[in-house]
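Contents: one structure, followed by commentary.
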């Protein structure tokens, strides 16, 4: 696979506003460093993330997608993250079966107080994405 | 011969239902206009019930009409179709009370594409096809040849676990048991799974570059009941209406995820695809994933919550950081 | 009088190779289990002994499922529009059936109408058609009801008749004549060959048993146009997919859409179908929201509107819509059951 | 009814390719209502700027590159050269994208398409314009056209209605027309608000009250389909023969030239054979899906 010089993975994060997004904020405030590779979309709940968003992000050229929500039991809406967990499990397995590298679809639980964990997750995921290289899945070439 | 008896019983039953006004419509099968073809019969008329048939070619999953036909319906179902109905009930798409389900134990249907491949002849060039237990007898040019049923049944019939309807008001005929040749039915998927991810992706890319976006797979699917499909959404436009392979693939991937836990592996999507895309290799795998992760089988319990709205407090999450 | 030619089937491979020098040669192939016209690989001549028509009709060669109309890009000077490069080779299509050849004549009418279509017509004008008479029509074929002889066609450049080991060649156009003049291993057909070909054609004509009555069909449809009960009844089992229209050799409806990928845009045209509710959807209303209206549109477009506008029925009886329909919706049954006004 | 001659329009084809848009530049944006704007634009090409002509009632396909293409009636009058105007309500992907554009933005334009209003037939007649909502935009082109050639026409009635005062388009024109002594301008709304002092009532009802005389008159109707369908019977009641009722229809369109298939009513294509029809023509159509 050809790799552009200076290529950096692009990661799209769907972060729950009640926890992970606040976690990202906290990481910022407390100056915990995490890679600038992540673009964040704030969602009301990890349960809001339709698998469509994930594959569309890959179609648009993101190298990986991270969905991050509240720990089980902590959902602001009681059950949103449970539903998200089922959906993510299915989506991840199914898209892997279609041939999408498992590293490209990621999930995490990060609470509002875990700025450090979010930074860690983003760092790890970015590292994994760097290893598998750029997303060429939807490239046109014949 | 068994079919003939079932057919007689079915015609009588359907006629009575209409006569006694217990249903407004009967949905069943009648002989089609081509050889070895049946076609859905949707009727209000008692007289039409004499046209109802039961044979190894009753391929359509008639439950797809239930969200469309108004009033009380008497419907003919096979094992897989009955599960589609249960699934529709689970999703509150139809009411059980509005249905009279006439179940037909189904020993598997004959896949004419397989027959054609096997004999190198098209269906209209064959004289006769009959099912005789675990054999299928085909007459061509006046000559009879025997094939093991497992060679000519649909792949999804070969892996069918519940050939007898799960939900019915009347069962016409004796319960049957899986004809099963799981290995043959799963061959394609196994091959795919042995490939490297990139190879698999190439395979699907190749399949979906044939897709012409006729939406037959979606429209024939009883689990695809959305009023407005996400592909028709224009703001935002998730998928380009142009049949580029990327968008075709995205459409089908999401369609499969949307019907996870509803898909009963009835195989209709693959059967109807005019471009011969191996769609069941997706739906079946999803069926397996759902079973493996959540011990869930679509359309088995009409009182259960739909798969993706239910949860257990502890569940698979080894993939979550 | 007789000046037809013939060629031995085993020489066809060579002939196609010769033609490949000048043309992009297409033959009916069953790649991935779907019969369609594909670029000839120079080897496989199985299509000669496979006596059936393709699933995907020939229109795809001139009016593909999707096609780039132009690309656009925003620069300093504003938008710049560019047409796709038109380095297309002249096409030679081998083995086209009489019904499909006629379908092209019907498509031409729309694409030439009023404004010439700049995508279809150049491809259409840059091709050679080698027809091949049917010897084994499907049970869904009803071409003879539409004035088409499955064994003959005047809508091609050369017409071939399968006589077992050899093909009889009729030179229909000057282009066809020139092709044959340059071709090697072509012989003069004998009286006996002619007689045999006539027999083959007649036999194939008689094999088409499905019929519709086209006599006064335009008027019949006109009189039952507002018969909602009838149209509702015939449309009940339709599931509104696009198979019958996409695979119809005379259906031409299309959609136009833009794709924008990082400032680089492309406008595509792609097949569309009157069976889809979105096809006619407007923001506030949809004139053909109900299924029966869409089914009526499909039938009437072919058998009523097209004859009104172009004096020809837009159906060639190829039977694809019957054969491929997933619920066996049969247009011949609908046409043969039109209510007659009392 | 089918048009066979397009000679005069062929010279406006870009590169001889009927699907290629010309690039036009937005020169001005006018807010008509909360969801409707009029875009003033002009060709980038100097030659076209000078030569481009059209007829009132014709439409064009406007491209917002990346969002697609849709048909819009040209709402300016061919008598007022210098720029073109299209009035657009925000209803979907494309119109949303258009509304996001401002002065200087470039869009695609191809046309003019369709038949336009029968100017010769209208000459020397009393004209009754009946419009609803954004349906005024094609009529506006004609109204200005008529005003600029005022001597060629007799009495002019304009009956224009919208759902609410906030939905009235071209308020600046309505003002001018209502001050014009040669025009009987009637504005109405389905539902007024606290500041509305004008008429309240649906267009067909107001039309019945205004009751323009049918003698030597032509009624020109445009509005939402439902309004058009209710207006015809009123006009008939007033004594207008179907030949003297004219409307312009709207359908989903992609090509604009009678090929893509979707805008048909029976064998007639609204883009190719319309969009202007007499009621007599509409009644003679095979289908009532107008």
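The letters A, B, C and D name the chains in turn, as written, and every chain counts its residues from 1.
Assume a contact is a pair of C-beta atoms (placed from the backbone, for glycine too) under 8 Å apart; a residue touches a chain by one contact, two chains touch by 3 or more.
Keep in mind that this is a model prediction, so the values were computed, not measured.
Visitor: Counting C-beta pairs in contact, which chain pair has more, C-D or B-D?
Guide: Counting C-beta pairs in contact, C-D comes out ahead.
Visitor: Which chain has the mean of its C-alpha atoms lying nearest to the mean of all protein C-alpha atoms shown?
Guide: Measuring from the global C-alpha mean, the nearest chain centre belongs to C.
Visitor: Taking the mean of the C-alpha atoms as each chain's centre, how many Å separate chain A from chain D?
Guide: Distance between chain centres, rounded to whole Å: 50 Å.
Visitor: So how far apart, in whole Å, are chain C and chain D when each is placed at the average of its C-alpha atoms?
Guide: About 39 Å separates the centre of chain C from that of chain D.
Visitor: Please work out the Cα centroid separation of chain B and chain D, and write it as a whole number of Å.
Guide: Centre separation, chain B to chain D: 50 Å.
Visitor: From the mean C-alpha coordinate of chain A to that of chain B, what's the distance rounded to whole Å?
Guide: About 35 Å separates the centre of chain A from that of chain B.
Visitor: Among the residues of chain D, which ones contact at least 2 other chains?
Guide: 92 - these are the residues of chain D that touch more than one other chain.
Visitor: Could you say which residues in chain A touch two or more other chains, in rising order?
Guide: Not one residue in chain A touches at least two other chains.
Visitor: Spell out, as numbers or ranges, the residues of chain B touching 2 or more other chains.
Guide: Nothing qualifies.
Visitor: In their complex, what parts of chain D are in touch with chain B?
Guide: Per the stated touch rule, the residues are 92-93, 96.
Visitor: Taking the complex as given, what residues does chain C use to touch chain B?
Guide: It comes out as residues 32-34, 52, 55, 65-66, 136, 138-140, 236-237, 239-243, 246-247, 255, 257, 259, 268, 270-273, 276, 278, 322-324, 326-330, 332-333.
Visitor: Sort out for me which residues of chain B touch chain C in the complex.
Guide: 32-35, 37-42, 60, 64-65, 113, 122, 124-125, 206-207, 210, 212-216, 218-220, 232, 240-244, 268, 271-272, 274-276
Visitor: In their shared complex, at which residues does chain C touch chain D?
Guide: Interface residues on the chain C side: 69-70, 72, 74, 78-79, 81, 83, 110-111, 113-119, 222, 225-226, 252-258, 260, 265, 267, 269, 272, 274, 279-285, 287-288, 293, 297, 300-301, 304-306, 308-309.
Visitor: If we count contacts the way the header does, which residues on chain D are in touch with chain C in the complex?
Guide: Against chain C, chain D makes touches at 2-4, 6, 10, 14-21, 23, 25, 44, 63, 65-69, 91-92, 106, 108, 224-225, 250-252, 254-255, 257-267, 272, 286-290.
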